[in-house]
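In what follows, chain A forms one complex with chain B and a second complex with chain C.
Presenting the complex of A and B:
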């Protein structure tokens, strides 16, 4: 009885989210970032006269730098609250998680704070990326024999 | 045309993530992990390479490309050296992203204070 009442109260006071609008915003902002990535890639390939495959690396680095810098200025958090997956899924989310952990834990010291906590949020991406890449790599290597 | 493809591909991946985030109890950490695993899974059948070809930077910006690049570098080395190459080449292509993120966030954390 008490539990049900509590549950009702919680559902009543949880702010209703407009899921359709959220999805639309994430689609728009994620798509915009994709276009910016392609523009930067073309720009670097043209300016530096390098193949497009290497220009992708420059593009990723630029986006990571922008993500870190905007997190430092403090308004990236608000943007992430607004666009949610539109900014978390692109590589900027990786930079944002790392930078915010670095800023938060710096006051606890360089080794025990900054050093051991910097990969707190981004660590799972790296760990599971490596594990899945190793397992799928073995599968692919046994079936197709490396890159064809 | 490649810009439209880039917009649609990158947007659709973010849309998928937003739908998962809104309708389940998974946190953003879970979702990025799921997408990295998906990216490396799609590379078994060369599907992600096709996406990169048609969508260009739009396929390289989402976090799925991180998994794709991990397995891509590993397989490149594995062609020459066999199973040991899987471990040696794992970071060949992604090292720039990880190193850049660590260095930028380390030095920028000196210059700025946390803002709440």
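Presenting the complex of A and C:
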């Protein structure tokens, strides 16, 4: 059988993913997470009297902590598997990817295991996050000048 | 390449399975099962090694032999540098040949040993394979606890350690013939669709076996493939029909038999891994053949020769399959 024909045969027997449903679930859960984040920020800012800008950092840290903790408990991967981008795109996904890699390599030494493998998945997020921050920063500077 | 054997018998087997497999429909056919993936060890890799050691101990206990009475140990697993097998062999201590054909290692091991037995070079040998869900995930895919979305076509690596004892003593099941497959690559590079990767290799080796033994497919009561999964089986059936006009009515896939899809939903398309085929073949099928419920069985172990490095370099995934024909003595 030729490769082209085989490709058609494979497509014929491969079920289609329900992208609309996946997107809907991700939208719902991601949105809910956003609401939780906002509630947390409000809680920190108005109840605990933390300055507004710092409250955002507190909120992020709280979500990261919860993501890491639930990953360690061993059931967060099932949630992520269900919610997909709803939990991967927010900061919880970042925490989850670092924590799960750390768990995998925890017995292989602090430097050779934990240190060098923790960013296995998250590393590219950081690298391209920083690069794109630079690029957009320059673009912003060129268009609006330094004082927006 | 097909070999015929006159005097090779699969005398005894031992199977140990993990937590997901013990929820499956074949749980009663395993010799031993474990509730968690660590098996009392600190890491998943060491746990996999322990599976091999234990299955060999169990096997030798069953055949009433000591280690010094075994001529050869042929073993394979999925870990880099065959770590699980090599480290287990430190305590097993039988002359070792380590082999790798990914998930087709079990049948490859049986073929190599059977040829030596037939030639009279050895009087007996043991063959072991193992796979471990978490250690394989860690090596080939993402960290174990990472919940990256998986597609319905992805398979789930079985956790198990399986071993078999073969000799020229006439008991158990007869090893009748075997066909060595070739590496096939049909351009599939989807690591979440291993069934599509391996189906061409399986179809080639089945056809080759039938041609070289001059048999029809109905000669076998059962053709048991290794780990094609639900969708891989469909592809193989279609391929055999369109390419060779062979209707595979007697085809079963070990990967689709091993799990309970209701209790363990995250197995998706079915089981995979070197231990997948032996967990079914050395337990359930071996028992049925000894009782005479199945007379002639063709085991087709399928292996996706996937390397994360080559996949990242945008190469497609090659696959290989080996076939071995077993016959009941009664």
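Everything below uses one rule, namely that the second predicted complex is superposed on the first by the 130 of 148 C-alpha atoms of A that agree within 3 Å, B and C clash if a C-alpha of one lies under 4 Å from a C-alpha of the other, contacts with A are read in each partner's own complex, and residues count from 1 in each chain.
Here is the rule we go by: a residue touches a chain if its C-beta (ideal position, glycine included) is under 8 Å from a C-beta of that chain, and two chains touch if they have at least 3 such contacts.
Every value quoted in this text rests on a predicted model; they were computed, and no experiment measured them.
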Report the partner of chain A that touches more of its residues: chain B or chain C. B
Which superposed partner A:94 touches (first chain B, second chain C, both, neither): first
State whether A:68 touches chain B only (first), chain C only (second), both chains, or neither. first
In the superposed arrangement, does A:76 touch chain B (first), chain C (second), both or neither? second
Applying the document's definition of touch, where does A:104 land relative to chain B and chain C: first, second, both, or neither? both
Return first, second, both or neither, reflecting whether A:121 touches chain B, chain C, both chains, or no partner chain. both
Which superposed partner A:84 touches (first chain B, second chain C, both, neither): both
Answer with first, second, both or neither: which of chain B and chain C does A:17 touch in the superposed model? both
Give one of first, second, both or neither to describe whether A:133 is in contact with chain B, with chain C, with both, or with none. first
Considering only the contact definition stated at the top, list the common interface residues of chain A for chain B and chain C. 17, 72, 74, 84, 88, 99-101, 103-104, 121
Quick one: in the complex, what on chain A touches chain B? 17, 19, 22-23, 26-42, 52, 56-57, 59-61, 63-65, 68-69, 72-74, 84-86, 88-91, 93-95, 98-104, 106, 114, 118, 121-122, 124-126, 128-130, 132-134, 136-141, 143, 146-148
Where on chain C does chain A make contact in their complex? 42-43, 138, 142-153, 186-188, 193, 196, 200, 231, 234-235, 238-239, 242-243, 266
Mind listing the chain B positions that touch chain A in their complex? 2-3, 6-15, 17-19, 21-23, 28-29, 31-33, 35-37, 40-41, 43-44, 46, 55-63, 65-67, 70-72, 74-76, 78-79, 83, 86-87, 90, 93, 96-98, 100-102, 104-106, 108-109, 111-115
Quick check: in the complex, which residue numbers of chain A touch chain C? 1, 3, 6-7, 9-10, 12-15, 17, 71-72, 74, 76-81, 84, 87-88, 96-97, 99-101, 103-104, 107, 120-121
